[in-house]
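Scrolling down, you'll hit the structures one after another.
Presented sequentially are two complexes of chain A, the first with chain B as partner and the second with chain C.
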Partner chain A sequence: MTLLQGFGDQIVAGAITTLQVALTSLVLGIAVGLGGALAKVSGIGALRWLADSYTTIVRGIPELLIILILYFGGTVALTALLGRYVEVDAFAAGVFALTIVFGAYATEVFRAAFLAVPRSQIEAAHALALSKALTFRLVILPQMWRYALPGLGNLWLTLLKDTALISVVGLEDLMRKASVAAGATHDPLTFYLTAAALYLTFTSVSLAGLALLEQRAGRGVRISE
Partner chain B sequence: MNWYLVIDVMPRLLSGALLTLLLAALSVLAGLLIALPLSLLRSSSSGMLSRPVLAYTFVFRGTPLLVQLFLIYYGAGQIEWIRTTPAWTILKEPYWCALIAFSLNNAAYTTEILRGGIRAVPAGEVEAAKALGMSYSLRTRRIVLPIAFRLALPAYANEVVLMLKASSLASTITIMELTGTARKIVAQTFSPYEVFISAALIYLAITFVVVRAFARLERRLAHHLERTEKNNGKDPVHNDPTQELDSDPVLRQEAR
Partner chain C sequence: MVKTNSDALQSMPDRNNTTAALQVVNLRKRFGQLEVIKGLSLTANQGDVISILGSSGSGKSTLLRCLNFLEPPNEGEIWIGGRQIQARAGATGQREINALRINLGMVFQTFNLWLHKTVLENIVEAPIHVLGLNKAEAHLRAEELLLKVGLADKRHAYPSQLSGGQQQRIAIARALAMEPEILLFDEPTSALDPELVGEVLKVIRALADESRTMLIVTHELNFARQVSNRIVFLHEGQIEEEGPPDAFFTNPSSPRVRQFLSSQRDGYHR
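The block that comes next holds the complex of A and B.
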């Protein structure tokens, strides 16, 4: 493949890594966000305090700094623990960092969505003698989904772009591959523009996909006006 | 945790934080100046005016800031003719490149936020301004923008905090702001916990102050609404009780 001065394959491989990191962090981050939201609405003081501290701290610190803390901090911790020099895997550190960041913002999105579900729905579930777990799974979660979707969509777009930050600690993602190719060929313009075009493609496809998902999630809703 | 190290590196981190503040403040200011006219164009009903702005915000919001930063820092120098123009004295400085990338990125987000505010301005306000014979520029200045800005303020406050955090990317092009300074010290001491967590705490303190300042500003700008909110369910913007008393003869008599 002589596309992009022979770096075409590398760029494609980087783009796949970028998508892998983003999708893994998305799935894990949604789980963290749901847990955080449940903690916030649980009414258990300690849990709420924990979730509040988590979201306040993470949302006030640059994503890049969180990645650096986990990567270099993780290396020091593992080295001390195992007694020999161990370098943290950039993929793991990156996914961990992005999951923590996504989870913090998703906590707020899910909390708002939870509160948007009408109380009467939960009362109706109680009247039908559904257990707490069943109420959450069958009644609250499907309705939360619709309220949470626009917020989650925005977070996904941010996450997709934040993956570029992990290239700073050496993950072989799209951004890193573009940097390496730019350095080797002395042609940064071509490679960074290529990277930009690929990121733009990912976000555009995401936007289209999100519009479809939102349409589907709102199919049971009567439209007033 | 080695507390002596924390105290030892604090002065250097704080001077880095100063540069972070300066970078973020200048980018936000420049971003706002660019976004103001763009948001008006973007709200225009003419596609000729709004579409180019949409293309700009789409590209800048759809790609990572890091790519934009590298394109300007590494990419601009590659174009021969730029090197011959006076612009090169600016574009070869990492500091200016960061400022340009951050400002353009911030302007794209701010444009869309302001557009949201402009769209939310009640149509009645604009009609009233037209009925009073206000020209486009006058009603934009006195009616549309002040209301739009108030409505957009919560989203804008978020954007300012995001810009503050995004300024940490400047460290990737050798700028010694807070994150850059922290990375340098970690490379020298290899004590990531002490140094990075100290830097994180400084960021937290700055964000806290920014969030509080915007909350105050929001309350101040909504001041005239609080008083009338008790007027059950009537449109708070249009309903100043003292005015109503003055204009309605029956109510005026009762008040006396």
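The block that comes next holds the complex of A and C.
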């Protein structure tokens, strides 16, 4: 008997796609979040207004709607732009949508982390004539990271599971593969339980990895024996 | 705006004073409506150790923080070794400010060592990134300074693993690593347990013996008397009295200084 009634390969391929979408969105989303947080604390009115609008809008709309709007909106926009019908690639659309969503929440996580860095740590850098950019890189960012990690960990778990929403625009991810196999074999429970087990594996491994990262980021703060 | 050299020479307050390491002219700092430093002028010659005393709120700490622009002053001039910084809020460029900061080593009341970096990393970062030293040079300099403050065995420790006194000695080493012209101490022992004050004062005393130019804001009157060659007493953002320590402590002319000194003595006898 072949694994999962012959759908084993399909499920594995879907799981890989899910991880690819999630990891790509994570990296891009962290960059967006850092940018958004810096815009919010920059003291430049226009930038702050832009970042405030972004987080207010994105955090106020269901993820599924954002994905649908960006997917169909992207198709319309590209079609208008290029003058012929273009169908947006589901992977690109998924990464784009999840980056936008993750970035909005990460903006708030990073903003809180930025504000949590003690003023005195920054003053010490200024007093030693370190430029603003160096102060950010050497002092603020590593300390922000420590404050941001628990919040980012939460967002990562949400992101990993939100990839399932991308299946509505046709991404061949774990969720969609499981659903197709469930329909084809009339054995939904097996495939949905398999998918659930895989998501749970990914999140559990993530949690272990996060614990390690937090330990590393907290060096010097908790006295190690 | 920083003036050109010829302009600067003409407006230098005392052209004959070639030994002046630091000259502050008519410095003013306001927080909103409240003026904290009210047109203060001060000269520190090469090798001067000046203790700055005064009640809380007299502007002592603000004065030090204005000198290196942690608080940008509203008006005035700051001269370091003949180089002028026109201290007007918004008019001083970041490049000017950093040139100033390189020459002013600051030691904070709360040490402010970077918590995520080891002792050695705390000391070498600024020499590497600001002065352009290579890693080997910076580490050599750091090791020498750690020997000097007696903490060579703590090079790989994190600040949280050290006592307050040890952290402050590392903070002094960090400031010295930039080889500044002048050291600024902002109440360097006020955050320490009484039994840890001595080790920090010992390090500062050793620096005074090397005839480094230092400005020390402190509440340690005995220490100020022993280590300084000049006392400056601030009251409401102005210099109320200044002079050599013996005259200041035994025969102050200002009634405010007399009141301050007697209240401090009462404090000791409590």
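Heads up, the rule we're going with is that the second predicted complex is superposed on the first by the 220 of 225 C-alpha atoms of A that agree within 3 Å, B and C clash if a C-alpha of one lies under 4 Å from a C-alpha of the other, contacts with A are read in each partner's own complex, and residues count from 1 in each chain.
The rule we apply is simple: a residue touches a chain if its C-beta (ideal position, glycine included) is under 8 Å from a C-beta of that chain, and two chains touch if they have at least 3 such contacts.
Just so we're clear, the structure is a prediction, and the values are computed from it rather than from any experiment.
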item	value
Which of chain B and chain C A:Gly220 touches, first, second, both or neither	second
Touched partner set for A:Gln143, first chain B, second chain C, both or neither	second
Contacts of A:Ser120 with chain B and chain C, given as first, second, both or neither	second
Which of chain B and chain C A:Lys40 touches, first, second, both or neither	neither
First (chain B), second (chain C), both or neither touched by A:Phe72	first
Contacts of A:Ala129 with chain B and chain C, given as first, second, both or neither	second
Interfacial residue positions of chain C with respect to chain A in the complex	68-70, 94, 98-99, 101-102, 104, 106, 108, 110, 112-118, 125-126, 129-130, 158-161, 174-175, 178
Touch list for chain A against partner chain B, complex	57, 59-66, 68-69, 72-73, 75-76, 157, 161-165, 167-168, 175, 178-179, 182, 186-189, 192-193, 195-196, 199-200, 203-204
Chain C contact footprint on chain A (complex, rising order)	120-121, 123-132, 134, 138-139, 142-143, 146, 219-223
List of chain B residues in touch with chain A within their complex	58-59, 61-68, 70-71, 74-75, 78-79, 161, 165-169, 171-172, 179, 182-183, 186, 190-193, 196-197, 199-200, 203-204, 207-208
